[in-house]
Structures are given as C-alpha cells and as structure tokens.
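In what comes next, chain A is part of two complexes: it sits with chain B in the first one and with chain C in the second one.
Then we have the complex of A and B:
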C-alpha cells in the first residue's frame, strides 16, 4: 500500500467519524435522550456553531465551482447569500408563505440574479471580473437596505425583517440538519460536476479559455451556468439562514467579510477539489469562532480586553490570509495524500515560485 | 440653473478627492498589475495620521499632508518589499487575497487603536467658504481640489522626468527587459507601491478634513478608485484625474435624483463601472492593457 492510499483510507475513516459525530452527537442533547440518562455529547451552544460551520461549507463549496473549477475570481458571492435570505424572508414576513414553500425559491432567485449579472460580467476577465463581482456584493446589499417606495422601505430598510419563529420540535436540531443537508447537496453537486462533461468544460475554461472555445466549449453558457449553480447553492444557505435566525438585515445577510472567508476556506482546503473547501470551512470556521470567543473554550490573553477579541480575530484572519497565499498557495490539502510534504523546502519553493 | 451650477461645483469638488484617491491606485495597478484592495485602508491610515497629529499638536491639518505622504511612502515601501513582492508572479486571485488580507489587518488594527467612534478635524476656518452668488464653496474643499491636482501633477512629473520615474515606467511595460538593463526590480516595485501609498495618504489627509472618519470609512474608496481608473483608462495620471472628475460629476447628478442619495454611493459606483466596462472598456481616454 502506497503512502497516498494509506492517507486516503485515514481521511475516509476520519471523514466518516466526523459525519457520524455530527449526526449522532446532537441527538444526545434532546430532552428525550436526557430523560433516558444518555450521556450528553453536545452542548446546545455547539448546535449554533455547527450550523454556521455547515453554512460556510455550503458557501465555500459553491464558490469553488466558479472560483476553483472555472477559475473566475468571484469576489461578491455574498450577494447570492443575501438574495437567498431576503427571498425567503420577504415571502415569509410579507407574503405570509410557509417556510418550506418559501425556501425552494431562495436558490431560484439567486440563480436568476446570477444569470442576469453574469451575462455582462462574465465577459470580463481577470481584475475586471473580480472587482465587478465585488461591486455586485456591496451594491446589492446597499440597494436592499435603502430602496424605498413612496417613503416606505421595500425590504424592511435599516430595521431589517422579522419572521415568525418556525414551529417545529427541536428547532435547533432541525435547522442544523437542514444546513447539513445543504452542505451534503453542495458537495454532491461538486462531485457530480467534476465528473461530468460540464465539469471538464469548466476546467478547460480555467486552463485556457480561448483553447476551450476552439475545441467547442460554449464558454459563455458554461461560465454563466457555473455562476448560477454557485449562486443557487449559496442562496439556499441564505434561505435557511433567514428562517433559522428569524431576523435578517443588511449587516447579517450581506457581510462583506463572508466574500473573503469563503474564498480563504476553499483556498486553505484546496481549490478545484471536492472535499477541500468543506475541510477548509470547518477548520477556518472553528478558528474564527475560537478567536472571537464564541466557543466554550475561550482564549484569555493578557493585556487584551474581552471586547477587542472579535477585532483581533479579524487581524489574525488577515495574517492567515497572507501566510496561506504566500507559503501554501495550493492549499493545506496538498500536504495530504502524499503529494507534498510540509517541509521548510516546500515553503521555500512556494515562496520562490512567485516572488521576485 | 443655479441648481445645475451647484451640482457641477459639488461634483468637481468631490471629483478632486476621487482623483487623489485614484492616482495612487492607478499607478500600482498599471505598473505592478495589482488591484490593491488595501488602497482604501491606506487612505484611512493617512486620515487618522492627520487627525492624530492635529488633535495632539494642533498643527494645521494642511501641514500634516507632507507627513502623511512620507509616512505612507515608507510604510508602502516596506509592505511591498517585505510582503507583496513575494507573490508578485502568482495568479491574480492571490494578489487579490493578499491585498485584502492587508486591508483586513490595517482596518482592524485601526479599530483596536481608535475604536469605531467618528472622528473629525475641525479647524477655525472649517465652516468658511467662498460665496458665489448664493452658492457657498467651502475653502477646505476648494483647497483639497487644488492639492489633489497638485499631487497628480507632481506624480506625472516624477514619472516622466526623473530617473526613478522612467525606471518605474520601464518595469511597468516590460519587467524582464527592465531587469536586463539593470533596473533593480524589487526596489522599483517597492518605490512604486510606496508612491501609490503616499498618494493615498495625502488623499486620506484631505478626507479627514472633509468628512467624519471611522476605521471602516476607507472601504468605499477602494471600489470608487477602481471605477475612477477604468473610467479614465489605465496607464496615465492625466486619464485618472479626468476619470476622478467625471466620476465626481456623475455621482453628484445621480445622487440628486429624487429618492436617491449618498446611501447609494456603492451602487452608483457599481452602475457606472458596469456601464463603462460593457460599453467602453478602454476608458474615456485610455488604451486597453
């Protein structure tokens, strides 16, 4: 057995263990389970964290379809998250739709929006596409917060939208499984895409767009489809988030930070792979939560007041971003599966490859 | 009619600031091929520097501008030499992420030091203005426009008339050929980024006198700088100045539409950007790179 096969087995076993824990542990904190005196494996606080982590798994995996496979540096995917959240939110809060009827429209709305902006924007290359998509992210959030009709905010304005609480037993658990399901769907979609003709077309576009067009890939249609697919998955996460959180506003539905966090997650885990972005999302989200003090285990630094921790977490995120980009541009996953070893020589080589 | 004149004046005055923010961004993009997402953060670092010196020593805010320029030049030089030079040959996404990371660090360090309170620089002459038949033009904004143009002119002169400027242009047009004729690339890149940062610092100093600042106030300026540069066309200082002034005018008119306003700053910038990119990607005066 070669090293790479051994690593693969270890990873598969680890993956199964993580999934088993994710599915079983929350059940032990239910009232019914506690009445039976089953051991408590998961505190309620962990639900929230696990749900957020699953949400980022969806976003990072979805970004990977347009950013990792197609090679278009989309910097404004948070727009799709927000559009998903607001679609569900508006349907529930204003049109009084039931949640389960409103949710499927979140990915649809996000995908339609992606097609509309994708048609002009995906003609742009490189920097132009990246900044234009960044612009989409901020502009949509701004419009949602500020658009008025005869003095009345259309989308709830600065005070946001409130939804009735979704009445379901074990609400926390319900939304955790829903988000976990969305994460599973996005990973499955990526897996299917990578093995399809469509996926090969996307990779061809990433490697050389002109050549892809010459061999008969309809580049515009492929790029727009990839963008819309990423948007639909991100919008789904947004739709679930809206009802889970009960309250949405511009700040929690269009956070600019998400744009970069999802890219960093995909990058950390390895872009263009099926599980890389998900792994990156789990690791980075745990780190962000730990640094910002939302975990039961908190970090007590001397000389740092507690309220400064979330800000400090952002500084650490920035430093991490710089370090990953400089030293491990192929993602941490490159060290697994026997492709490369984490050595000083590897770091020096990464550095030399791109520096002057 | 008076409204129209007023809009034009407001637009040109705002455009001066956009030009000042844009020239540094344009230089870095044109020569280093980096879209510097930390540009807005550099602007706001300059703004806080002016505010800090003004509150601590009472020095006239206009006299702090050279200090901003020198301090940010040094900072930019070190950042480029120490960090960005390491990934200068990496794909676009990496330079993007790195500069965003730098932005994140700068903004949050400012938040740690200054908190998110609004700060403003208020001098004895802050409220005074030139009365043009009912339209009052604040002296500070007028001076800001003048200084912005002066900075742009100085930068153009430096790029076209000095040895280091010509070296920067050579590096910008062909990196390998420039290296062959003996230009030290690392130094030339660092000087370029330093100059870009210095322009951002001066722009920030001007902004501190005009608006209340917070550590996150620089963020819209990054997108606006990008729009200004593509509006004018990449490659020349004069094109960026024209881009800045035109963008100021467009924004002033767009914000005067009933129901619109300054809350839509980003959406307006984005709309202008898409319009230009789709209809005239080389910019109003520029050539496409």
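Then we have the complex of A and C:
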C-alpha cells in the first residue's frame, strides 16, 4: 500500500467517524452525554452549529457543480439561497401554505431563476462571468428588499418576513436532520453526476469548451443545466433555513459573505471532488464558529492577551486560506490523499498552477 | 449521387480580409482528400467553417444535400463530422483513456454508448492509433507526437463519417510521420471519409487520392496529387521551383 493510499484510508475512516458522531450525537440527551463524559456542547448550541454546518455543506457542494466541475466561478450563488428562502417564506407567510408543501417550490424557483440568468451570463468566460454573477447575487437581494407595489413592500421590505413556528416535537432535531438530508442529497447528486455522461460533459467544458463543443457536447445546455442544478440545491437549503429560522430578511437570506465562504470551502476541500467541498465546509465552518467565539473551547497562549484572541485567529484563518489556495489548489484531500505524494515537487507544481 | 459534403462559394472574412474567399468543392463518401497551401492560406479557417466554429459570411455548406451553415459546432459533430485542432486541445485533467472515452460518450448521434461501452470503445481506438500502452497516463505525460495521436483518437472515437484532420503530422520526424500515416490509413479503412490538411508533401502524395490547393483563401487547384503538384501556378504559389525539380527528378 502506498503512502497516499494509506492517507486516503485514514481520511475516510476519520471522515466516517466524524459523520457518525455528528449524526448520532443529537440523539443522546445532554444528561446522557454528560454521564458518559462525551464532549457534547450544550444542546441548543450544538444543533444550531450542526444545522448551519450542514447548510454550508449543501451550498459548497452545490457550488462545486458549477464552479468545480464546469469551471464557471459563480460568485452570486447566495441569490439562489435567498430565492429559496423567500419562496418558502412568501408561500408560508402570505399564502399560508404548510411548510412541507412550500419547501419543494424553493429549489424549483431557484432553478428557474438560474436558467433565466444563466442563458445570457454563461456566455461570458472567466472573470467576466464571476463579476456578472456577483452582480446578479447583489441585485436580487436589493430587489427583494426594495420592490414595492402601491407603496406596500411585496416581499416584506426591510422588516422582513415572519413565519409561524413549525409545530413538531423536538424542532431542533427535526431541522438538523432535514438540513442533513439536503446535504446528503447534494453529495449523492454530485456522486451521480461525476459518474454520468452529463458529468463528463461538464468536465470537458471546464477543460476546453471549444474541444467539448466539436465532440458533440451541447455546451450551452450543459452549462445552464449545471447552474440550475447548483441553484436548486442551494435554494433547497434556503427554503429549509427560512422555516427553521422563522424570520427572514435581506441580511440573513442574501449575505454576500456566503458567496465567498462557499467557494473557499470548496477550494479548501477540493473542487471537482465528491466529498471535498463537504469536508471543506465542516472544517471552515468550525473554524469560523471558533473564531467568532461560539465554541466553548478556548486556547491559552502565552504573550497573547485573551481579548486579542479573535484578532489573532482571524489572521491565522486568512493566512491559512492564502496558503491553501497557493500550495494546495486541488484541495486538502488531494494534498494529503491524492495521487501525488506530499513533496517539495508537489508544492512547486501547485505554485506553478496557480501562478500566471 | 449527392456528395457527402458540398461547399459552394464558402466565404469567411476577418475585418475586411477574406480568409476564405468563395471556395467551392465537394467530397464523396469514403474519399481521402488532401488540402495544402502556404501559411495563412485559409486552411484552418475553412475547417472551422465546416465544423461550425465560424459563421459563414457567404456561400453554403451541405451535408448529404442539407445545408448545415449556421449550425452550432455540437450539432455538426452530431451529424458525424469529427475534427482535430492544429493546436491540440486535450482535456488536461483527464487521463488519455478518459479523453478518448468522452469523445465516444458524445460525438455522432448514432448509438451513443453508455459509460462502460464508451470506455471499451476508447480502448479499441487507442489500440488503433497506437496509444494503448499510455491509456492511463495523464495528458501532461505525453510527448508532442502522442498528443497529436490523442487529438486524432478523440475525434475518431466520436464515430465520425467525415474526419477533418488539421496538420496532425506537423513537427513529427520521418519515422513518426510513417506511424501517423499508418494511423490515418487505418482510420480511413474503417469507412471514414478523411480530409487531411498538411504541409508535408510526402504525406499528401503518399495517402491522398485527390488534393486541393488553397492560396489566399481561394482554390488554386483540385485534382490528383501528381497532376496538381506539377501545376505551374501551384509551383509558383507554394512549392517553389526547387521542390518541383526534385519531384520531377524523383
């Protein structure tokens, strides 16, 4: 067994253990966990953290379909999240639909929107597409907040939308598993896509769009389909988020920062892979939560006063991300477990790949 | 009988300059046609017109009597027109085998195979072009001649009825050219019509039944190689007196 295979096996085992723990831990009660001396956080905090993490697994995995497989760096995917959230939100708050009936329309609405903007936008290449998609992402959020009809805000305006609380026993657990289900669906979809004619067509487009076209790939249709698929999954996460959070507004449904975060997660974990973006989402989300002080873990460092910790941590995060992008452009999974071994040559090759 | 491919007054301009200027000829099924001409004669542009990469500025292109002018490249490919690029365009992140399998997965509309069958087809095409031993290598590990072979293999895998090859032998040494010639013959023998754009005269003479000479976007001559290559205008425009003398001598 080669070193890389050993690494791969270790990563897979570790990954399974983490997933098993994450999935099963909520089933144990706080008391039970304490009795067993398991490092469980307080229940509420755990669920919030786990649900948000699963939400980012969906977004990073979905982004990977258009950004990683197809090679189109979409910078405005948060629009799909917001459209999903507002579709569910409007149907529940204004049309009084039940949540489970409203939820399936979230991915549908996001996908339709992706087809409409994708047709013109996906003609653009490289940076042009990235910038244009960012513009769309920002514009949709602004429109949702500011569209009025006869002086009344259509989508709740600046004061947002409130939904009735979804009545299920153990709501936290319910929404955690719902979001986890969405994450599972995203990963399964990616897995299936990569093994299909569709997936090979997307990768061909990424590698050389002109060559893909002359071997018979309908590049426009494939790109739009990939964009719509990413949108549908992201919209699904938004739809779940809306009812979970009960309140939505422009700020929590269209956060520009999500655009950057989901891309960083996919990059960190490895674009174009099935599990990479999910792994990146878990790692980066935990890091973000740690930095914002949400985790009940603290480090005591000499010479660093306690109140400087968040600043130091931000700096560490920034440097870490820069290093990943420069030296492991194919993500950490490739870095540790891929075909190549971790050598100076690997770093040099990576540096060449990311340099002009 | 309607020809397989029929070009009438095909014209393509860049700015004010006509890179292809009223070219007319047709190709019969099963033919192997050479296209030669000096640098900038419009050979690659003509190929781009046929495969739908460029829109025509004039004229018409018919496939079995039906106009294909203005069709998107993927539609032309689905009709059964395969092509290579003068500057090779491999799918860099894929292995040699995957590159060819993608060609087999898509390509001509006739019986698009499922994944496994596409990889099987890739293996047999790799055998045909002599890349079998390198199937699992990444593209980056291939030499220049092998990359050209891969370019041909991917196009062949699309099950073309007409294969357009753009200087697949440029930059190869004599031994490699012989190999490549063998490869083109092998593909032609499977029933594929071949258009061979080349600079290397030996290739044209060795394998083509008919040759077209382009110069400044126009057809200068069209006929059997030994006749065309003795044509005074062709010699002046392209071959040069020295080549003509050598041809007469040998």
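In the analysis below, the second predicted complex is superposed on the first by the 297 of 356 C-alpha atoms of A that agree within 3 Å, B and C clash if a C-alpha of one lies under 4 Å from a C-alpha of the other, contacts with A are read in each partner's own complex, and residues count from 1 in each chain.
One rule holds in what follows: contacts are C-beta pairs under 8 Å (C-beta built on N, C-alpha and C of every residue); 3 or more make two chains touch, one makes a residue touch a chain.
The structure displayed is predicted, hence computed values, not measured ones.
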Contacts of A:7 with chain B and chain C, given as first, second, both or neither: neither
Partner chain(s) touched by A:177 [first = chain B, second = chain C, both, neither]: neither
Which of chain B and chain C A:219 touches, first, second, both or neither: second
Which of chain B and chain C A:211 touches, first, second, both or neither: second
First (chain B), second (chain C), both or neither touched by A:191: neither
Partner chain(s) touched by A:135 [first = chain B, second = chain C, both, neither]: first
Touched partner set for A:67, first chain B, second chain C, both or neither: first
Residues of chain A touched, compared between chain B and chain C (which is higher): B
Chain A positions touched by chain B in one structure and by chain C in the second: none
Chain C residues touching chain A - in the complex, by the definition given at the top: 51-53, 72-74, 76-78, 82-83, 85, 89-94, 98, 101-103, 105-108, 112, 115, 154-155, 158
Chain A-facing residues of chain B, complex: 29, 35, 83, 85-90, 92-94, 96-98, 100-105, 107-109, 111-112, 185-186, 189, 219-220, 223, 226, 230, 259, 261, 263-267, 269-271, 273-274, 277-278, 281
Residues on chain A engaged by chain B in the complex (per definition of touch): 67, 73, 75, 120-121, 123-124, 126-128, 130-132, 134-136, 138-139, 142-143, 145-146, 148, 256, 260, 263-264, 267, 308, 311-312, 314-315, 317-322, 325-326, 329, 351, 353-356
Parts of chain A lying in touch with chain C, wherever the complex brings them together: 195-197, 200-201, 203-204, 206-208, 210-220, 272
